[in-house]
Amino acid sequence: MKKRSGFVLVVLVALLAVSCVIAVSRGSVHIPWRTSLLILFGERGDWPASYERILLGVRVPRVLMAAVVGGSLSVAGVSFQALLQNPMADPYIIGVSAGAALGATVGIIGFGSLGFKLVPPLAFLGALGAMTTVYVLAKRGPRVPVVPLLLSGVAVSAFLSAVVSLLMVTHRERLDRVVFWLMGGLTGASWERLLSILPYTIVGFCIMYYFSKDLNALLFGEEQAAHLGVEVEKVKAILLFTSTLVTAAAVSVTGLIGFVGLIVPHLMRLLTSPDHRILLPAAALGGASLLVVSDMLSRTLLSPAEIPVGILTAMMGGPFFLYLLYRRKGGM
Amino acid sequence: MAQVDILIDGVVCSYGSHLVISGLSLQVKRGDFLGIIGPNGSGKTTLLRTIARVLEPSAGRVVFMGKDVYKMSARELARKMAVLGQEHSAEYDFTVHEVVLMGRTPHLGRFQGERQHDLEVAEHAMRVTNVLHLKDRLITELSGGERQRVMIARALAQEPEVLLLDEPTAYLDVGHQTEILTIIRRLNATSQLTVIGVFHDLNLASEYCDKLVLLDRGRIRAMGDPFSVLTTENISAAYGSTAVVSRHPFLPKPHVLVLPRRVERAGGERVHLVAGGGSGSALMERISLRGLSLSVGVINEGDSDWLTARSLGARIISVPAFAPVTVREAEELEAIMIGAKLVAVAEVPFGHGNLLNLRACLRISERGIPVVCMGDASKVAERDYTGGSATKLFSELQERGTRFVQAAEFDALLDWIVAEGERDAR
Amino acid sequence: MKRFIKVLLITCTIALGLTGCLRGSKLQIPPAAGDSGAKKIERIVSMAPSNTEIICALGAADRLVGVTAFCNYPEEATLKQKIGDFQINREKVLELEPDLVVGISGQEGVAEELEQHGIRTIILNPADFDGTLASILEMGEVLGASDRAVQIVENMKAKRDEVRTAIVGAEPVSVLVVLDVEGLWTVGPGTFLHELIEDAGGRNIAASANAPYLQLSIETIVAENPDVIIMTLPGKEELMSKPGFDRVKAVIDGRVLEVNADVVSRPGPRLADGLYEIARVLHPDRFR
């Protein structure tokens, strides 16, 4: 088991590297393979100057951001699933998506031509605000039990989504932009945005990894975890906020990219182990690869038009997940 | 004096305004095997969770080896105390080895991997609980009994001094129940592991525990060795059930037989049954289940039907074992039969010893009390050991309107009596 | 625990500080050589149909290298390379190496990104008919076609005056605009269509609304009883079969008319034609 998991991790690293290279060399503008590599290594040549701008200014940051966002959503999904002991949990389950959507919508429709600058910070604040509300509503004395957490998550999400819908109806002139934000995508990727979310991803991942043994114990239920020496409520509070921060950062720059945070954790559990010391890095790598490949397809399949990336993550991840599930059942 | 491991001092617990444990104090010594018993809602599990630092009491203290457990960290406590819960579903594909190694968590640093020592402890734990051969299997593939053994191994990997059990065998079959408890009992005996367990099954508690605490509505009703706790009086007071306490056939422990509780009906219609040799047990249960009163006789003491009748609290006219029915009992029998709504004769063999029962039936039927006989009229001769006297009496009964009925018809008659009684009551 | 929080705080501070530094020295490629005045604009990308129409009307169609999938007028514009639809494909824009990218309100984010790649951008954001004229003049200046721009603007003004003269003294006609039959969406103040209707001697029944786009209930429509219904998409039959519409004056009089949405809603050179078209629909007797 252990050995196999190590092997899978190595394969995942290689997979991510290959995905990134292919994703960088493919796009709506055709840049030959060799040229791409030469540009990446800083060579100069007689290709059009726009190639350098496209590659270094648009494609590389976009591919890297796909990797970072995919990894972020996946590790957040892993963490939420363990914390809530719920296989249906995803990073959006306790109000993060609805809060971010409200923040983004307010940014898009409320601030005229300045709105585009405010969308990421407002989405980020919206996500944090929604999650905090859910947390406070679910608090019972010193404890935050899972069921009230899930239920207040559903209620708060429903309320905020309704507000978003109301804003969309009353501001039809901006409807298409809100819809595109809700579908999510990496269109607006830039070095600046990439660097603005990277710290959250890195620090968040480290915190999660720090608690990976606690997450293992939590898979057996909160009391069991407490008996194994886990300070359940403390760990839960820290990790809920960490996961929310990681998710909120990703969502703030890409909108709501669905499916990755739900399915990649399951996919990686099937491929490696439920042990979070392996699962967390595996999910980070797997999620990154999935989103890099999905985004590449979203850019190229109907080029120059783009397919919303959420459609592709679901179309690629879903059947693969079912295949693994089926194979496992059949093999037993 | 043995060292005190756990001191529970004036603990009060409540869920909202509902008081679950009201001022409970208790001492557990090192190496004890203490069983906590009591009816549902008596606070057993609450008490255990309080000890396990999961449910902080609103008043009182739980002191473990001189320290208040609520002032210890979860990690510190987990190095000394392990908890084995009821069987829980395992949804994640950990291997048995991984699960057992999780027991080492409280002994390891955050980023520390398992050391050689930890692997040895885990291996020892798996050997003791007989799951070493399952080491590389997935926990999700195991049966309930195997999984519970793995959970014991995990608990043991914590190298605890105290093991708490929360009905660890609740969902297991009898074979696995004894297997699990025997493993724990052996650990208790060989390595001075203190065990505190909640038990639903009084006989399992009696068999495996040295000491029992009987809780009743959040208080201790009785505490001490099983013989002093498991008494008819205590059980009836705590559970409201009648119990027969006898000695375990092989162990120096009490054995409890809790008797079915009777469902008394207001009307109190009575059915009399002539039975013996086990022929009447099923009928008695059917009468009793409908809430009808039951009288039985005349019957020999010690007869299996006599035991059943006694356990059901029936009115019994008996003669000593192997003694024949005399005229005195026959008169008493008639007096009782007259008050019954129905007299039933089970498929009992008739000899000279109990022939008087049949004569009483005949006289009663002359006085208008309905009499039915179970079974087949044509097969009466097969159980007649009186040279034809019983057969003759049966045919006389038939002439006076007595019918032979099968089980279904008998049930219908009982239901009719119940219905009549309810109609009269209105 | 305390120690852990401290470590966490320090890490966060460092990480955020790092981003701050990098942001300060962001990877900005200097603007393309030469200013608008110095170098003639040779390669233009339009990010909206109205911009495309303006550019082509100014006679710069040959310099237009990229348009959106929605740019369907004039004919020659449809042959240009496509750079996206709702979303702009950054790579495609960069590949075309434009000297100028022209966007509209709502594309400020894309424009800023392109600026960072050294591409000059203009956002045209006209709010009404006069604003549209100003946009055309502005583009004319940028493209070095000011004379042409002035000519277009004069023509548009003349057409507007013609309409104004024609409808002097006419009874205002009440108008319902139906953008889509399914949801009965209509336009309120702040839209070009609203302005055109009011200018063409009509009275938009949604004039009192405080939103540019809104849904009207059938009850309101029946109560307002518009004289004319203007539809921007096909669906006349379906609309007329909706419950309650058989009592509406416009339906009874057969004055339900489909107009070309592009002409009446794009802030471009054809806006005056749109005005004329609507005025003709509202007051057929004044235009013979």
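First chain written, first letter: the chains are A, B and C, and each begins at residue 1.
Here, contacts are C-beta pairs under 8 Å (C-beta built on N, C-alpha and C of every residue); 3 or more make two chains touch, one makes a residue touch a chain.
Since we're looking at a predicted model, the values are computed, not measured.
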item	value
Chain separated most widely from chain B, comparing mean CA positions	C
Most centrally placed chain, judged by C-alpha centres	A
Intercentroid distance (Cα basis), chain C paired with chain A, Å	35
Inter-centroid spacing, chain B versus chain A (mean Cα positions, whole Å)	54
Averaged-CA centre spacing for the pair chain C and chain B, given as whole angstrom	82
Contacts with two or more other chains, residues of chain C listed in rising order	none
Junction residues of chain B - those touching two or more other chains	none
In chain A, residues with contacts to at least two other chains	210
Residues of chain B that touch chain A when the two form their complex	49, 52-54, 73-79, 81-83, 85, 88, 90-95, 97-98, 102-103, 105-106, 108, 110-111, 136, 141, 158
Residues on chain C engaged by chain A in the complex (per definition of touch)	1, 4, 8, 11-12, 15-16, 18-19, 22-23, 26-27, 29, 69, 81-92, 94-97, 105-106, 108-110, 112-113, 116-118, 123, 125, 185, 211-215
Contact footprint of chain C on chain A as seen in their complex	27-29, 48-50, 53-54, 57-59, 113-117, 119, 169-174, 176-177, 180, 185, 187-188, 190-192, 195-196, 198-199, 202-203, 206-207, 210, 234, 299, 303-306
Contacting residues of chain A [partner chain B, same complex]	1, 87, 210, 213, 216-217, 219-221, 223-224, 226-232, 269-270, 273-275, 332
